[in-house]
């Protein structure tokens, strides 16, 4: 194991530095509340990666340099398997959550190109899943997109009814990236298994935060969401359903994913998995994350006009999605950023035309409320003081924006 | 380049002259139906020039910052000055706009021109 | 630019350490001659990556952390474009050469799933290309696999004859990974262009060693072959032919390849590209690589029973593929490895059943000669002394193996 | 585990007893048609036991190392000792074999048994 340090010991070491654009805040005092987008790498991860830079062989090479590199990958595979409680042989390293989800979905489609069929997903999936499903639909498959309730959850009964004899795959996420809402994974995967249909779970947001129940099928995670590096992930394969390769070449990853391995990334993922396993086994850390998340949620909820969109139960405590009445989330996020608080709007708004989040709309929220939704997300590095400061700055920002706007409507 | 100029950041984090002047000498209100931005400017005149201005605004951060800059900028101007300002002038004054933010310059220009009209028609505030 | 150091300055710093299994050699004295498999990262690459570990934001995030990370990618994109002499917008970062080649080939196939058609490749391609083509053929496409001459080269006239009105893609490599033989890239890509067919060039082995002629189409490179990290590469897209996405999700890479970017890997690739650009512009370095390669070639050729398979002209000087009469390459490679020399057998022999290289067979070599082929490959870090020592140890090893074997045939 | 035991590495990098004894008291030759490995062992006897052995071999590095180890090992053995050795004994003596190398143990066992036969039939070298 790379990391025998507990999370407590690592805290503070990795303080995020605030660039000069984030005015009014001193360096080292940025308030990072966008951990669902990505997380800082832990010192133990950095150390493992820097050390691995000494070992440069190609893991496929039979000579001594190759053996050393292959050893690094083997170790990371064991660490990953320990985190996900699967066999090391079931771990397939890839380039991240998007590739993981796409490879299972597109791969399943391509494996059934001749006989066609049907796929099932939910209305609140990440674009990696939704767009891969959309592509497979273009190939001639039918697709059922299951609705969710007000908490963003799929009803297992609805899944049961949607399953057909020609269903090739069910792909439903574990924790939602925008709200933190957890799906009833056990019941959903059981329904698929009982119908004999492979199940894919996008667990990108859960890995490292919650123990994930055994999934009889495919499960995708991504290192950078739990303090590992970006651009590396894992799909576990616990099914006999053949996983059609999409990246061809050598017989790496037990002939399931070709290409010279991202050795440094995989080492980083392994170290992040080790640290995550320590956290998951640490009852104090589990209490702490609940407290931090609860404090953030309560603080944000107390701001004038705030209404929390993340469900109160069955939700990652780290994620608080909150709408501010009458305000635009993209504006709030930009102002917060300028004040050294990194948060994100539920919607991917790169343009002058922010679109309301498909997740919040699927939960039945109005477009206006969806456009006012800001996501704050913590990690194991987030402190109580940071929460309090971020809440204070958010409150101030919201009041100021209200002041700028107030009475225009009556002008 | 950064998404926002230092000037715009300064103004949307510390907006100046927010509000509405009671019984202003002139005012102007514009809405950009495309981006959803809105600006309302109220001014008080002295000696044929603007001596005080207030704004309220709704929209993206760049639009808010631009509106705050504009409310500061117009002080000392007369109707002809306002009418002569175009998008390029606004863009320069705010320290530059990133791609996708040019609507902010248009919005500002429109409110400046509307204010000039309001001053020239002598209509004043209603 | 991360690296203003010349290659000379970096030399020696990055000495490869020899593990204890490589007996008889002191630490730091390993002789690494498997640079076509992978190369050590340069100190400038390592420094850039370690520095980038401080910047952890998600490049898609609009707040200050995201901007910092996006800036790192922009810089690497410019460095890459400078190396490949293309526009930064034409650079699509991905997870390496295998993904790059697979995405172009499989993507082209999927884009033509309804109207079908024909593809062209050569008999000496890397498995990434050959297997991706094989997969597309399974989807119902026709495939022409062009033969090569004794030097391993495709005749442009042969390509011209193979082109059809329904040809969707031509994929031919630049430098061969096993022999170093260079294809007549200009003539081949011109033939495709004149027929209006998109051309893909697997330039994984050329990048950083030779300037690559402008390719009107797709070009794939991989960072770890020119002193960057493993698991990151680039496909340049200089054609209007749509590149069908295979990894779905966000709109990263100008909407051509989704997934949170491998920021550290991309930074490493950019730093490696900077260093490569310096080398390519340095006439001294260009002379040096010819000398080192020539010395290696002459040294190996002088060993009893050796016959060089790499062509004398039109070949990367870094690569020397040589067969040893009556001996098995896999055995030679294992014995060399135990003596601290890392080389590779032309064939991918992980088992007790080594298979002769498809490249050497396509060149018309006998299976026996192909099974005796060992590949030695240098990099800009390889020194004259290392060449001399590796040649001496190889000669000794070959003599010893001959002694062990001699007269068994007559027993 | 490493692909080769230290013992095997030592022997294939520094093979001992390479060659063929002239006019040996016994010899044995085996070929594994699957892996292509070949071993030829020649021995000289004294007092009913092997007092000198030489080998030549062709095959993978593990097979060569194993052959060299065997040529050293057999010294001091009689035909019954040779006949009693099985693949497990060879594998243990060479310090272990990686997956895919078990053919080396079989090859060695076969040459040992063939040598025992040659000694017992008293046929000796032809």
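Read from first to last, the chains carry the letters A, B, C and D; within each, the first residue is number 1.
The criterion applied here is as follows: a residue touches a chain if its C-beta (ideal position, glycine included) is under 8 Å from a C-beta of that chain, and two chains touch if they have at least 3 such contacts.
In this text, all values refer to a predicted model and were calculated from it rather than measured experimentally.
Peer 1: Centre to centre, by mean C-alpha position, how many angstrom separate chain A and chain B?
Peer 2: 41
Peer 1: Where the CA atoms of chain A average out and where those of chain C average out, how many Å apart are those spots?
Peer 2: Spacing between the chain centres: roughly 34 Å.
Peer 1: Between chain A and chain D, what distance separates the C-alpha centroids? Give it in angstrom.
Peer 2: For chain A versus chain D, the centre distance works out to 58 Å.
Peer 1: Could you list the positions in chain A whose residues touch two or more of the other chains?
Peer 2: If we look for residues of chain A contacting two or more partner chains, we find 21, 62, 67, 330, 334, 338, 350.
Peer 1: Of all residues in chain D, which are in touch with two or more distinct other chains?
Peer 2: 2-3
Peer 1: How is the touch graph of the chains shaped: line, ring, star, complete or other?
Peer 2: The chain contacts form none of line, ring, star or complete graph.
Peer 1: Could you list each pair of chains that touch, in label order?
Peer 2: Pairs flagged as touching, ordered by label: A-B, A-C, A-D, B-C, C-D.
Peer 1: Could you list, by residue number, the parts of chain A that touch chain C in their complex?
Peer 2: Its residues touching chain C are 16-19, 21-22, 30, 32, 34, 37-41, 46, 49-50, 53-54, 56-58, 60-68, 94-99, 101-102, 105-106, 110, 113, 126-128, 131-132, 134-135, 139, 222, 224, 229-232, 245-250, 258-266, 330, 333-334, 336-338, 340, 342-345, 348-350.
Peer 1: Which stretch or stretches of chain C touch chain D in the complex?
Peer 2: Those in contact with chain D are residues 21, 23-24, 328, 330-331, 334-335, 338-339, 350-353, 400-401, 403-408, 411.
Peer 1: Give the list of chain B residues in touch with chain A in this complex.
Peer 2: Interface residues on chain B, with respect to chain A: 2-4, 6, 9-10, 12-13, 15, 18-20, 27, 29, 34-36, 38, 40, 55-62, 64, 67, 100-101, 103.
Peer 1: Help me check something: in the complex, which residues belonging to chain B touch chain C?
Peer 2: Spelled out, the residues of chain B in touch with chain C are 2-3.
Peer 1: Under the stated contact criterion, what part of chain A meets chain D in this complex?
Peer 2: Within the complex, chain A contacts chain D at residues 62, 67.
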